[in-house]
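Next come two complexes built around chain A: one with chain B, the other with chain C.
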Partner chain A sequence: MPIAKDRISISDRLSAVAAWPVLLIFKLLDYPLSLVQRIVGVKGMPWIFLLPNLAFFGLFVVIPLGINFAFSFTGGPELFLSDRVYTGTEQYAFLLDCETFGDPITCREDRFWKGLYNTAIFIIFQVTFLVLFSMITALILNRKIRARGFFRAVFFFPVLLSPVVVALIWKWVLLRDGILNAFLVSIGMDKILFFVSPEWSMFWAVFVSIWAHMGFYTLIILAGLQAIQPDLYEAAEMDGTSTERVFWRITLPLLWPNLLVVVVLALIKGVQIFDEVFVLTGGGPGTATQFIVQYIYNTGFTEQVQNFGLASAASMVLGGVLFVLTMTQLAATRARDNG
Partner chain B sequence: MTFNFKTLLTVSSLATSLMASSALAETELRMMWYNDGNEGEVIQSIIDRFEADNPDISVVLDVVPYKSVLESLPIQLAAGQGPDIARVTDLGGLSEHYLDLSPYVSNTAYWEESFGPFLNWLAPNSDRISGFMTQLTVTGPYVNKTLFEQAEVAMPGDGATWDDWADAVNEVASKLDIPIPMAWDRSGHRVAGPAIAMGANMFDADGNPALVDDGLKAMAQRLYDWHQDGTMSKELWGSVSGSTYLGANEDFANGQVVFYMSGSWQIPQFADKIGDAFDWWAVPAPCGDAACTGMPGGAALVAMADTEHPEEVGKLMDFLAQEDNLAEFYGATLFIPGHLGLATGGVDFATVDPRAKHALETFSGAVPTISQTAFDLQGYKNNRVLFNALISRLNEAIVGELTLDQAYERMESDVAKQLEELARK
Partner chain C sequence: MDDANRSNRSLNSLLTARRGRRRLHWTDVFSYTYLIFGVILMFGPVVWLVLSSFKTPAGLIEFPPTFLPLGQIEVQVDGYEKPLLLFDVTQDDGTIKQLAQVRRIGIVSQMVDPEVLGETIRVPIDQRTKVREFRLAVENYTDPLERFNFVGFLNNSLIVTIVATVITLLINSMAAYGLSIYEFRGRNAIMLFVIGTLMIPITVILVPVYLVVTQLGMINSLWAVILPGAATPTGVFLLRQYMLTIPKDLIEAARMDKASEWAVYSKVVLPLTMPAIAVLAIFSIMWRWNEFLWPLIVLNRSEVHTLQVGLNAFQGELDVQWHYILAMTVVTLIPVVVVFTFLQKFITTGIASSGMK
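After this line comes the complex of A and B, so read on.
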């Protein structure tokens, strides 16, 4: 039987064997990196390490963005930019030509404006209730309840599902002969044709979206709750502070940075909503749940004349909205950090 | 050991070069295909015979959803990344991407005699040979005859109008508590035939597209009214947006619909799914003020101009288009022949189902009654612009977002905008 000293020795040897290839890679990289450092200096080295990521970002985000911007000033059915006709700001003028901006029917491209208004209505309800329910769920899951781990998994599970799967599951629930209507009939009520009513369709679009994404935001808020020092709650308890006051004076202020992240992320995801609702309602009835991304998709891809110019112009407008939202988040975060 | 190594090296080199030469000799052709029924299996068996006769050519059948053919294929073709051959339904819309097979087929006269009028659908205003019809389709209604018998309501006969049918199916549905008296596929193509029956011209005197006229309004008004009074369920047309296609075939097969406006391509599916569960019965296109017509249409197998192997593509297309192969294909798939010789001489359809046989006879018999306007519209290469504007705007009126007059205005402006965009080249 080997003594303890021998066992440590074997373990060390195994570690050395495992570390050998890593050390070899370090040695191989040492020379070229030293050479690069001599050329760019120590201050230039962070850029060298960032270069792969920047190249990836440039290739898959910045260049396509530039191409999209260029497309928005062109027209015609051709696919390649070099073959397309330059139209100046015509596509933007067509999109923004409205007699009354509050009434989409008075706009030349009424579906674009309907898409914008539908998206605005969607995010108002979706973001509000998403943050509210995520917060309530996180507060409950942060308490010492029975089977806490199980419930945390249950709430997070829908996040793992593909949006198409989520939408199909709910579609089967909500169809004329779906589970929900079967239940309504079993308790003596009439069937409801959910996807024929604009109000019901919007309600279910919001509901399903919240159901699918709530777990992710709950997790962020839960992490924020767990980062709050328990001493603060203990001190408040010793002072006899009421539960409501603890929430408003300790929990909420300290959770604010996480809530801000949640709100901004939810807003951005809300503006980009497409796949779930596209599968669930198809944008209907009529255009009641057709959101801005679906408008872009339809304009660019589903019509016989694929209007890439108009679709690109609309996506630039969408990009502008997302840019404003992101800047707002940055401003709010900085304002908070600066007290 | 040295000898062994040298031998091994020589044998390996020889084997590698043989394999390489074999690989170089083999041409792979890719065919994009979608299925309505069993046609994928049938065409594969014919392709297998071609490959056996031509060991230097292999054909890969890429079976994709129909939606991919409509939405992805045009982009692939525009990018020069399309397949060598594809089965398409936007016959004229993609014509600029088709290969002229004339130099590559053995007998152009055979192609012209066998596929004459349809070649013009694929290559409007030219003499090119681009492919052949894998099926000719005719739009028209199916009726659940069993429900009529159970309700003891007489089925309207030949020459019955759309209004006669609407009254009859409502009577059946109310007697038997059927949820959907009448259903139509959500498709502009399906609406076009009845609109032409009502007198829609679709083109002006100069031959330019002119979607909205009194004939179209007459049919649109009926569709609007039928959705409001419950003859048609808003669930099908009203539950999606834009020009999205939706069929009511599942509802009809489940006995939830009395009268279903679709087309001949449903025959194999109904024969398979419904069988003898009830009498599904094809009836002639109901009449309007101007005609009793459906819309012609169909799917075609076309060769693509970007192929790197035009000769091999021509050889394959020539093989597939031969009368005996097409007779086998149409017969096994229960498709209406798009080959004039077979259409005249008849095809031995592989079914004993009297309902399927009756439906095939009904739709084949409907071909001579199809209005010339319907043929012209089908041959117009931008017809989907008209179909999409029609279905999407009419739908917005049906669900109450637009009035019918606003919908007509929007149809016209949508068509004008799309054609204007198309003209910018």
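After this line comes the complex of A and C, so read on.
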């Protein structure tokens, strides 16, 4: 196949071009690092190799995490920690003060609770249908179908698109005079102003994020499906087991650990939903599609008075949720890889 | 007869294909229906975006929209400075004649026959239809180059993507090397720490990273976007897992030849790690090109906007210029499509084996 060969050589050439600056850096660093080795000895070298990475982690993850914690106990508009006023747990008290929990309007900081509430609704629907459709797609792509590579690419490519591009693509379809409304009119219905209705906005937020991310989860489930031993299916076929029974008794139980990982992964991403929906709906109408990350973003960066303390406190709440989810993910991954 | 039979059979076998030699099962029908519906749903909006991006502003606000980009034909008529729009006019006797519009006043338009000069004809607007032809509004693509800072955005995105990817590859492969080749006290602790940072995505520490970046004086500079995400735990993890499979003998042999540790790393281990490096490079390019929330926070001046932030700023304006936005969206999409067509294998195996995106 000459075409396949051409492709390989082009991608080789591309990576050669990409590797060139890296190679140059290696050459430049050769002499100073040999010098360093003479000073610290071979035993010290692993630390030298780790140093840049650890410095980055320290500067942009560990220190910020500490500052975040400290910030959440301070108030006022100043950015630098030394200028800020210590307020104790006031920010948390303000965030969590509700007359009746579960009803955002009765809370002092109703936008935060609305954000939490929206995020909860969003992930319930998004994760359920995301995993369901990824599963169906993976099952179909795992069959002996024609043009499998093509179909796999079709479902996968939106994963690579930027959230802004995804949102703009769909915004253009869904506008008042967009093609979807043209279709609705052509079948005799009225135009729907999707971004004016809170329910439709939420629906499209869920739909578009599933559209964008489905390929990723499909791929993971597909890898899980392909890891199932083919002799199990052969044995089932020899016994004349029905397709439905094969699915419930072989495919699903063996895929289950993988599905668990996928669900938790989707939850972790879902809780942090921001980009696509922010560009698509701007959080609107009103606060109908405003999620927790957008609340943090708005509170800390777009309000007239930037309330860093409150944003940090909200971040800590989000961090707590993510911590629990990530622990679950690690446990699920370990269970999958061991079992 | 025999021929027809054979072609019939092959068509039949095409339609009822697969699942061993058995007949068409309901799941086959369902599969192909689902797949075809999927192709429409996944590709449709993108095709519509590309087609729309070649329409003129007038073509974009039309409802119902036309499928292909069409432009109204303009004709040059003697005695008029500007070219005039051409219409098909249904005349009183039922015949259709092509006339050019001079101006429109309310529901009546003044028209002139391009062939017969001098005389203007008054035509009610519901008796005319536009004469159109297939035409690509390429100006949607060329105008933003001059009228907005589009080239600047493109440049910024390219700089961020390339510099960040080079830094990411360098420091993460170094860390992976340190964690896979050497045995030293504290190695497991460091590994645990690296995995631990996985749990802290940027969304949790937006405010303090903003503070750190401000302290370092990097607000509104591209470094503010490049540096915070340069060290990625997934990158370290991916490369380390790969480096662990490199035979220790090779490294020992290089050391025997008095190669420095840096030379072992850059000349022996890295070339052998290339497949994993390629995967990380592709991911890094994707992450950086598509990054949105963090650049949105630290890049407030439009000179330093990346493509994504710039696009968002345009679509948020009061008077949305969709013809430009659509074209710019297509341009933003192109590199991703190119990367995908050439490197699909790398990307999909990378995701399937590491479970990261």
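Operating definition for what follows: the second predicted complex is superposed on the first by the 269 of 339 C-alpha atoms of A that agree within 3 Å, B and C clash if a C-alpha of one lies under 4 Å from a C-alpha of the other, contacts with A are read in each partner's own complex, and residues count from 1 in each chain.
What we mean here is this: a contact is a pair of C-beta atoms (placed from the backbone, for glycine too) under 8 Å apart; a residue touches a chain by one contact, two chains touch by 3 or more.
Everything numeric here is computed off the predicted structure, so don't read it as measured data.
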{"item": "Which of chain B and chain C A:291 touches, first, second, both or neither", "value": "neither"}
{"item": "Partner chain(s) touched by A:182 [first = chain B, second = chain C, both, neither]", "value": "second"}
{"item": "Chain B versus chain C as contact partner of A:113, first or second or both or neither", "value": "neither"}
{"item": "Which of chain B and chain C A:282 touches, first, second, both or neither", "value": "both"}
{"item": "Touched partner set for A:196, first chain B, second chain C, both or neither", "value": "first"}
{"item": "Chain B versus chain C as contact partner of A:73, first or second or both or neither", "value": "neither"}
{"item": "A:162 touches, of chain B and chain C: first, second, both or neither?", "value": "second"}
{"item": "Residue contacts on chain A - larger count, chain B or chain C", "value": "C"}
{"item": "Touching partner for A:204 - first (chain B), second (chain C), both, neither", "value": "neither"}
{"item": "Touching partner for A:301 - first (chain B), second (chain C), both, neither", "value": "both"}
{"item": "Contact residues common to both interfaces of chain A (with chain B and with chain C)", "value": "79-80, 282, 301"}
{"item": "Sites on chain C touched by chain A in the complex", "value": "17-19, 25, 27, 31-32, 34-35, 38-39, 41-43, 45-46, 48-49, 52, 61-65, 162, 165-166, 169-172, 174-175, 177-179, 181-182, 184, 187, 190, 193-194, 197-201, 203-212, 214-215, 227-231, 236, 260-263, 265-266, 270, 278, 281, 286, 289-290, 292-293, 296-297, 308, 311-312, 315-316, 322, 325-326, 329, 332-333, 336-337, 339-340, 342-344, 346-348, 351-353, 355, 357"}
{"item": "Chain A-touching residues of chain B, taken from the complex the two chains share", "value": "70-71, 74-75, 78-79, 90, 93, 179, 233-235, 238-244, 382, 384-385, 388, 395-396, 398-402, 406, 410, 413, 418-419, 421-422, 424-425"}
{"item": "Contacting residues of chain A [partner chain C, same complex]", "value": "7, 10-11, 14-15, 18, 21-22, 25-26, 29-30, 33-34, 37, 42-43, 45-50, 52-54, 56-57, 59-68, 71, 79-81, 136-137, 140, 143-146, 151-165, 168-173, 177-179, 181-182, 185-186, 211, 216, 219-220, 222-223, 243, 261, 265, 272, 274-275, 279, 282, 293, 296-297, 300-301, 308, 311-312, 315-316, 318-319, 322-323, 326, 333"}
{"item": "Chain B-facing residues of chain A, complex", "value": "75-80, 85, 87, 105, 108, 110, 176, 193, 195-196, 198, 281-290, 294, 298, 301-307, 309-310"}
